Each structure stands twice: as structure tokens, then as C-alpha cells.
């Protein structure tokens, strides 16, 4: 399958993780997802490590165990230290707490935060 | 209220947004939340802008409109460009998609991703 | 519609809120939901006020604005004070924070917490 | 327990899965839940297989592993093929992605989508 | 922008809704999302109307107001009747309820539901 | 570590569960989280058992297995009976169901539920 070869080429490794092995049963979703992930996670205005940490933050909030495990590993491979992981998790925890306070108290958005036209 | 004065001092502004005005009705939660946010969002192993973008990512995933509005504004004030916001949202969207694929297909975590002892 | 009359009878009020007015377009779901809510929210091992506060906690976590508004009003009508609401929200916020820390760090359940057989 | 006998009768099988075995410890919730599920999942304007696939879609989005496993099995028993499962998961993934984009960018609902009166 | 023209062509309409107007500020995400949605929502093993109803089910579970409004309108345009919408919402509600019961009681997956090898 | 000693003192037990053992790798988050949990869960306008049940309700809704296990155990230690657990779970299930109905049907908040000024 062309996507498999491309995964190996981009990652410079022969190993393919379970996510892609399972998706491979549906070649259309496999191809589309791989091409999309490759585009989205490429270096750009944000550094690849920042992107991986955002991925971990979303995955922790959604409680996706597979994704937490795989993207934490990917972030470490890209240089995330224990101190960075600690701060990442602290922000994720705090954001989840204040999200629910703002929602539970039905706090109206300040006009100052609305986009200007 | 001491927290109010501290908010103004740290932010170098007299303006206080609705979130803190509402919390002020419960001084204990106000004080604890402000002290916690101040500690968590301080510069450390991660830059303040990266922390704000992680806050936006969690808030978008949790669908907290107030928090998306306020932390997007805070991230812009710390230097987030349109290009950075676009990539942030692209990662958030992609992470939410693959989170559900990994969960929906019940994909087992690869042993390679488990912590070594 | 029999459910409407029963809502008015149980609540001792002629007023019917939008939730039931909208459900009334689907009489089967209306009847089933009303009968279920009536059974679940009846006094039992837990006091009705405790049940309403649990309803608010779930609604804040799920970000259901309609449900937060209506069940906060119902809890107040049953005696919830400002101090009780403040503590309810504080617990909801804290639980959401530690939920994500436990999930994000992939913390294994202690054997002591597993049910004994 | 009457619900147990009814589960066996409706399903034409002696086997009862863990969900109902656990609920059986609370006969009131057991009876109410079984009667509700039986009513909701019965053939109607939507085919039973479509209902099962909607159940899987919600369960994947909520990350309920038990429900994903049991309702995917039920959908297969009602005729869901590998190709249908692949498309179901692709839609679930895509919806989760665009849900967060629409939320994260705070996109206002077009008047054209609002109900006419 | 080529995606705009393609949206108009595929939908046989000059009108473009806010979702795409906002995404258009990030042409890369615009193009990738449009191509992905077009592939995922195309007729296949599942009928387009079934796909739209799955989209609504996910959006209601995620509480994405924009997506509920737009995909309910799209489902109606593809033939969803009031009776079908009523059953769709009934299944979504029931699934959300039993998802939390299965999770809250920590019910183990029956071996019968595990995939055979 | 001072927090460890305080956990043992407050709980009158030498045993420390995995949550705190893992957080201990990040002393700042450990200290802040422990002090916050201690403040939030202390007896006040709400009884400690009610607070634990609210914690379980949030954890079940968020699908945090660790938190469901640990806070269900804590609630039992504070006097939660099987009947109370059954009613707690019934309310959690029902709230999740009606949350999605209210959201999915986009039901507007009645003016009667809005706060008076």
C-alpha cells in the first residue's frame, strides 16, 4: 500500500504502529487520514513539538488512551522534557477546570473579546 | 478584594473581565483559582504563548465559548498570528478526528508506547 | 396530552417550560422522558435537592446551557443557597481538573479501589 | 426478574450480557432502561440497523468502550458490513473534526439554517 | 478560490454557508477539509441521508450548535421527516444515557463482544 | 515531601494512592492540587458525602475510570449505600440523556430561567 511506504519514508523507520495497521483495512480512510496528518503536523508557523503537545492536550481532554500514549511518545521523541510535560498537564487540568466554571456559571463573553469589524 | 488588586497588578490594567467578576461572588474559589492560574500560566519550561494556545485547544475541544473567546484574545495579545491560529485549529480538528477513530476501532496501545521501567 | 396534565399536576403549576413544549412534538419520547424523569428525580435514598445538584454538575460538564439554567433554577427552588452553589461549582471544576490529570498521565487504578469478590 | 425473561424473549437467546447483569442490582433502573431501550430501538421511521449505527457513533464520540463493543456487535448481527463500518467511522471522525473547527472559530449559525416560523 | 467554485458546483447552488466562509481564511485547511468532507459524505455503502443523520448524532453529543443546525438542515433536504428526526434524537438520548451507566458502573466488556481471531 | 505527610495526616492513613504518587513527580502541581482538593472537599455548605457523589457524577460523565473507581470508593467510605449509588447513577444517566435532547433540538432557554436583575 502506497501510504505504508510513505509512512516508513517520512518517519525513517520500518515500524508501523497499530493505528495505521487498523486503518489499513479501509484504504480510503487510511490514505486520507495519513495525507491530512502529514499536512497538519508539518513544520509551519508552529513548531512540530508545539503541535504534538497540542495533540496530547486534546487527547487528554477527550480521554483517548491510545492517542495520549502515542502522541506523548512522539512529543518526547521531539524533545519534550519531564518539566514540559508537567506544565502541559497543569495547563490542561486548569483549562478543564475553568472551562466548567465559565460554563456552569453561564458567564457572558465580554464585548472586549468579540472580534472587531 | 486582594485578588482583584493582584489581577490588576499582574496584568498591568484596570480592566477586569467577566470571569473574575462572577467568581468574585465566591471569594474562596476566586482566590484559589486566581492563584492557581497565575502559577500555571507563568513562564517556565513552556513559553506563555504556547500555554495560551494549549488553553485554546482544550477550550475548543470542550466547547467553552467564553474560554475560546478570552484565551484566543490572550494568545493574540502574546503574539499569535493568523497563521499560528490556523495551524492550531487544524491540529485541534485533526486530533479530535483521530481520537474518535482510535477509540471507535478500539485500537490497542502498542507496547512500544508503554513507559519502560 | 396526558403528560402535560401530569406535569402540571406534579409541579402544581400551569406553566410548562420549553423543554416539554418541544418534546411534545414527539409524544412517545415526551411520555417516556417524563415518566423516566419523574421516577428518577423522586425522593428516595437521595434527597431531591441532592439529585438536582447532581443534574447541574452533569449539565455543566456536558456544557448544556438549557439544562444548567433550568436545573439551577430547580435546585434554588428546592433550597440551594449561594454558598451551596459555590461549593457545587468548586467541586465540578476540581473534578474536571483531576479527571484530566488522571487520564493524561494514564494513572493505573490501585488494586485497593477494585471491587472485592 | 421479569425484565430478564423479557430480554431473553425479545432477543430469542438465553444469553444476557454484562450490562443487564450489572443493572439487575438496581431493579428500578433495570426495568426503566430495558423498557426505554426496547421502545427506542424498535423498527419505526428508521431501520434497526441505522439505529444501531447511530448508537455506535454516539458511543465512539463519548468514548464508551463497553458500548462501542456491544453495539458494533449488534450492528454486525443486523447486517453491517466492513464497508459500512468503515464509512460510519469515517463520518464520525469527520464530524468530530468539523465540530471543533466550527466551535473553535466561533462560527455564527447562518440565518438560512434557523427554523422558519 | 478553487474550493469555493467546487462547493458551488457540487451543491448546485451559489450560496456558501458561514463554515466555508470562515475556513476560507486558511486556504490549506479549507481545501483539505472540503476534499475530505466530499469524499466522506459521498454515496457509498451508506446512503447520504444516513451519513447526515450520523453527523447530527455526533454534533448533538458534542454540543456543536452550528453543526446541529447545518446538518439537520442538510438531512431534511435529503428527505429526513419529523418522525425520523424524533427517532434519531431518541436514539442519541438513549445512547448518551446508557454510555454513562456502562462507564459509571465500570462494566467489563463481555468476551462474546471481543473480536475473534 | 510535605504534601505526602499532609495527605497521610488528613486521611489518618499511611497509604497513598497512585494519583498522588504520579503527581509527586511534579511537586508544584502536587502541592497546588492537594491544597485545592483539601479546600474544595472540606465540609461546608455541602456535606462531604454529597461532594464525593458530585465528583463521581462528573467522573462518570467524563469517562475517567481512575476517578470513578477512587471517588466511588471514597463515597462508600463516607456512607454511600448501594441504594444511593443506584440513584446517583440513575440521575447521571438521565441528565446525560436530557442534556443531549435539549442540545440536539436547540431548545431556547425560557426567560423564566434567566437571572433577574
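Residue numbering begins at 1 within each chain, and the chains themselves are lettered A, B, C, D, E and F in the order written.
By our rule, a residue touches a chain if its C-beta (ideal position, glycine included) is under 8 Å from a C-beta of that chain, and two chains touch if they have at least 3 such contacts.
All values derive from a computational prediction rather than experimental measurement.
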item: Most widely separated chain from subunit F, with each centre as the mean of CA atoms; value: E
item: Proportion of interface numbers common to subunit B and subunit C (over half same, under half different); value: different
item: Between subunit F and subunit E, distance of the C-alpha-averaged centres to the nearest whole Å; value: 32
item: Subunit C and subunit F: spacing of chain centres that average the CA atoms, whole Å; value: 15
item: For subunit C, residues contacting two or more additional chains; value: 28-29, 33, 36, 40, 61-65, 69, 86, 89-90, 92-94, 96-101, 103, 105
item: Sites on subunit D touched by subunit B in the complex; value: 56, 60-61, 63, 65, 68-69, 89, 92-94, 96-101, 103-106
item: Touching residues on subunit C, where the partner in the complex is subunit D; value: 28, 32, 36, 39-40
item: Subunit D residues touching subunit E - in the complex, by the definition given at the top; value: 15, 17-19, 22-23, 29, 33, 36-37, 40-41, 44-46, 50-51, 53-55, 57-59, 61-62, 64-67, 69-73, 81, 83-84, 86-88, 90-103, 105, 107-110, 112-114
item: Complex interface listing, subunit B residues touching subunit E; value: 63, 82, 86, 89-90, 93
item: Touching residues (chain side subunit C, partner subunit E) in the complex; value: 25-26, 28-29, 33, 62-64
